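Below, chain A partners chain B and then partners chain C, in two separate complexes.
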Partner chain A sequence: MTAATLAHDAHGDVDQLYIETRELRLQGFLLFLISDCVLFSSFIFAYLYMRNSGQGWPPPGIHRLDVPFAAWNSVVLFGSGATMHYALENFKHGHWMRYMIFLLATIVLGAGFLAGQGYEYTHLIYGEHVTWAGSGIFGASFFTLTGMHGLHVFIGVCYLTVLVLQSSAGVYTRGKYFGITAGTLYWHFVDVIWVVLFSIFYLI
Partner chain B sequence: MSVAAVHPGGIADHIHPEPQGFVRRYVFSLDHKIIGIQYIITAFVFFMLSGLLAEVIRTQLLNPNGGFVSSDTYNEVYSVHGSAMVWLVIIPLLTGGFGNLVFPLQIGARDVAFPWLNMLSFWIFPVSGLMLFASFLMGAPTAGWMEYPPVSLQGAAGTSMWCAAIFLVGVSSTMTGINFVVTILKMRAPGMTFTRMPLFCWGQFATAPLLMIATTALAAALAALFIEREFGVPFYDPTKGGSPVMWQHMFWFYSHPAVYIMILPAFGIISEVLPTFSRKPIFGYKLIAFSSMAIALAGFMVWAHHMFTSGLAPFLQLPFMILTFVIGVPTGIKIFSWTATLFGGKIHFSTAMLFALGFIGLFTLGGITGIFLAAIPFDLHVHGTYFIVAHLHYVLVGGSLMGVFAGMYYWFPKMSGRLLNETLGKWHFWLFFLGFNGTFIPMHWLGMLGMPREVATYDPQFAFWNRFESVASYLMAFSILLFFVNVLWSIRNGKRSGPNPWGGRTLEWQIPSPPHYYNFKHIPTVYGLPYDFAQPLPYKGLDEELTDSPPAVAAGAH
Partner chain C sequence: MNGAIVERFGAVVAGIVVAVVSFYSLYKDWHAVGVENNVFKLMLFLLGVGAILAILAGLNVIGFTAS
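So, the complex of A and B:
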């Protein structure tokens, strides 16, 4: 998407053109999220398909996942959704410091979620010997889907870090902040995907 | 800044300065017209390569015992032929090629919504095409264009390359889809309401969401196949708990909509060519437009009709059969509307029109065998035989490719300012028509008699018709050669076309050929449908387009 969002950046500050092309970018970005959503949906379909054609779930020899730990980790991620929301709202209202604090909090919480996921992976791989390739369809679906989601969170954390640097350099103004809007949308999207993944892997 | 006109989406009018230098103008161009032509040239290069592969297939089948290439090579050849024709030829020609070239002109826009994304989409496409053909160097895929596991899991290293290539071309398609949806939603000229849009734009508008949504599902399936082949993570291998049928679900969830990606823009081309050369308003404008949307939507609900022999539960088979029958209804509406457009018209048999008429006939045949195949009892009988090969070539060659040729003869003047030679064009059409039918009609009865597809040798009782088909396929190849000669000759020596050689009424014919970098001097205002030949043109603000005056909006002025 970067190519698209850069398409008109050569123009000056807040002008009519920027405000109008922002609508194009917003629509294009939402369509990108829809197609990303289809990517997750396809893997989720694959997981449910394999789960229902096997011999019970989890398959013999594999323990249930650690639900309380993942639940706390989810709380961290959902909390980061809230801080991101406040970051954008504060930016819109011109509260620069509060914006930065909430943005940094989002990054810390996002990184915390990734750390939690890393801990969970380590525990599964070394503690219970459940691996990506060596544990049948359980390992395949669990690590692929949560890994894909983790990759999205990682990309999000990187992007938010770029936002911090750009904001400090004064790239965004009160009339011109599509980059922040896009980051917020993406971050909420990643949150919503996690709601679904948490439900289908840990709760059912 | 000066605001000369505002689009319905609220986009102010502005012109970017025209880039200078060969590289910025013709190689890494941001101009939708140049990118469209780049797509068309690249896709025709791949068309030539995969057409040669098709002739290898037919040469092998001259004799029941084959002998032209080894069975393994034969498997590679038909697999790459199918993959390349679908992903590197038909889809890029109809969406990236004609889509980019024509529809922004038709809706009165200066470019697509995201020109940089458009350039990126294009440049991914030749790279992925080269990757696909490079898979021959490391053992090409051998399981057909569908690459069903477990065969594709055991295929040579080139199968992984195939996954990566198709994944990349899918990324390109997805970006094109996003670009086109936003462009059509937001960048139409004032007065260009949805029900005044030319039907080619409707075809693209129905196709773009399919590109955007269905292709991502394929990307997931390909990623899983790649991961399983390279890292041994079990998705499709039944010995490790995976399911090969799951691949079929995921693959056809993309590939059935892909069938409509390959035909809806061709429907659009036909709907432009027919009224222009019959000098008559298109019959049932709204029906044609809305039936495209109906086909696109219903296309997501019929994928499992490719899987009637894959052990699908009987309670699932019936709805898929019925939905597939239902999808024949909007298609039938189109065929009816086109025929009614011809009725009583002043038909001018130009080459473009011949291809459009050929399209109607051949696509109808392919569509009817499609209805046969939707019926489970019949499908069980002919599944995996040459009947399927006949059906898919009637819709993809007799349908999509005929549409591409109609579009080439129709819009070549808009690309180059010169007409394609009509005499050569008519030879091209008739030889192609005869060669095509000679190649694929006998496959219907060969399939009914039980000749399996994708085999390098066959029962000697089928020898006569196979030889007949091979000879006819050489005729078809020769006609394509005539087409290439025609293009290469006409681009330098063709008759100058002027802005509007066919008396077309859509917006692209009201501006010079080839159009200026900025398309329109003033963004026109639209007052009605373009197809009413008895009325004056329904546009205002086009008076200066064919004069020497500069554009109303200065370049770079905002």
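So, the complex of A and C:
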């Protein structure tokens, strides 16, 4: 048996292993998302409990949040969810260039959302003097929850950038692309969490 | 033009695009089977709901500034 044949066999074993463990990978990743969901839920319910225990919301002395800007920034993030979905669909159908365009668009929109959040934080901290530690429950809950979500978006942007590099290096094939599926699931999760945060901080 | 009006207009227009894309993708994938596809369908539905909320906030129907 030649070295080339051995390498081919080893590669074949890896592919077989990949196929056999694909469902397990998916289940493992979904469990990770569920655990992250529990983490967010605990913070969200703590925020709602404290909010309903107080004397009106937002507390006296704090202006209401900028809803038009938040709506626009939310749409930027939701749009990135749509582009990520189409990136995965195009990869599945073998349209590599379209996949890369949609993936890059997702990264740009995700970075745009983070820039918008940075602008809002700057406005709140320096314009309204609302801080994490110095503005009571409102500041603590707002900055903790949106900051934790922003950290998830930042990690997602980094992950998608790695996906671009890996895809350019030919790591993923039409039969072996769990990394892209996981990235899409994670990005949708981040979007869905923002639907909840947007509703509880800006709409109700 | 007031900055808030531009933001509201952007939120409504882009929100309509995102909502249409989300629900169309959901419609297209409706018969797809498997855990992965079912999770995607749930996520697309919630994405569409989020886009509708952003549209309504942009139209000043819901949100703190609603009259």
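Simple rule for what comes next: the second predicted complex is superposed on the first by the 190 of 204 C-alpha atoms of A that agree within 3 Å, B and C clash if a C-alpha of one lies under 4 Å from a C-alpha of the other, contacts with A are read in each partner's own complex, and residues count from 1 in each chain.
Basically, a contact is a pair of C-beta atoms (placed from the backbone, for glycine too) under 8 Å apart; a residue touches a chain by one contact, two chains touch by 3 or more.
None of the values given here were measured: they were computed from a predicted structure.
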According to the stated criteria, A:Ala82 is in contact with first (chain B), second (chain C), both, or neither; which is it? second
In the overlay, answer first, second, both or neither for which of chain B and chain C A:Phe102 touches. neither
With both complexes overlaid on chain A, does A:Ser53 touch chain B (first), chain C (second), both or neither? first
Based on the superposed arrangement, let me know which partner A:Phe113 touches: chain B (first), chain C (second), both, or neither? neither
Once the structures are superposed on A, label A:Ala71 by its partner contacts, choosing first (chain B), second (chain C), both or neither. second
Touching chain B and also chain C: which chain A residues? 23, 27
Along chain C, where are the residues that touch chain A in the complex? 4-5, 7-8, 10-11, 14-15, 17-18, 21-22, 25, 35-36, 39-40, 43-44, 46-47, 49-51, 53-54, 57-58, 62-65
Under the definition above, what is the set of chain B residues touching chain A in their complex? 1, 3, 9-12, 14, 113-117, 119-120, 174, 177-179, 181-182, 185-187, 212-217, 219-221, 224, 227, 231-235, 240-243, 246, 249-250, 253, 558
As the complex stands, chain A meets chain C at residues 23, 26-27, 30, 64-72, 74-76, 78-79, 81-82, 85-86, 89, 181, 184-185, 188-189, 191-192, 194-195, 198-199, 202-203
Once bound in the complex, which stretches of chain A touch chain B? 1, 3-4, 6-7, 11, 15-17, 20-21, 23-24, 27-28, 31-32, 34-36, 38-39, 41-43, 45-46, 49-50, 53-54, 59, 132-133, 136-137, 139-140, 143-144
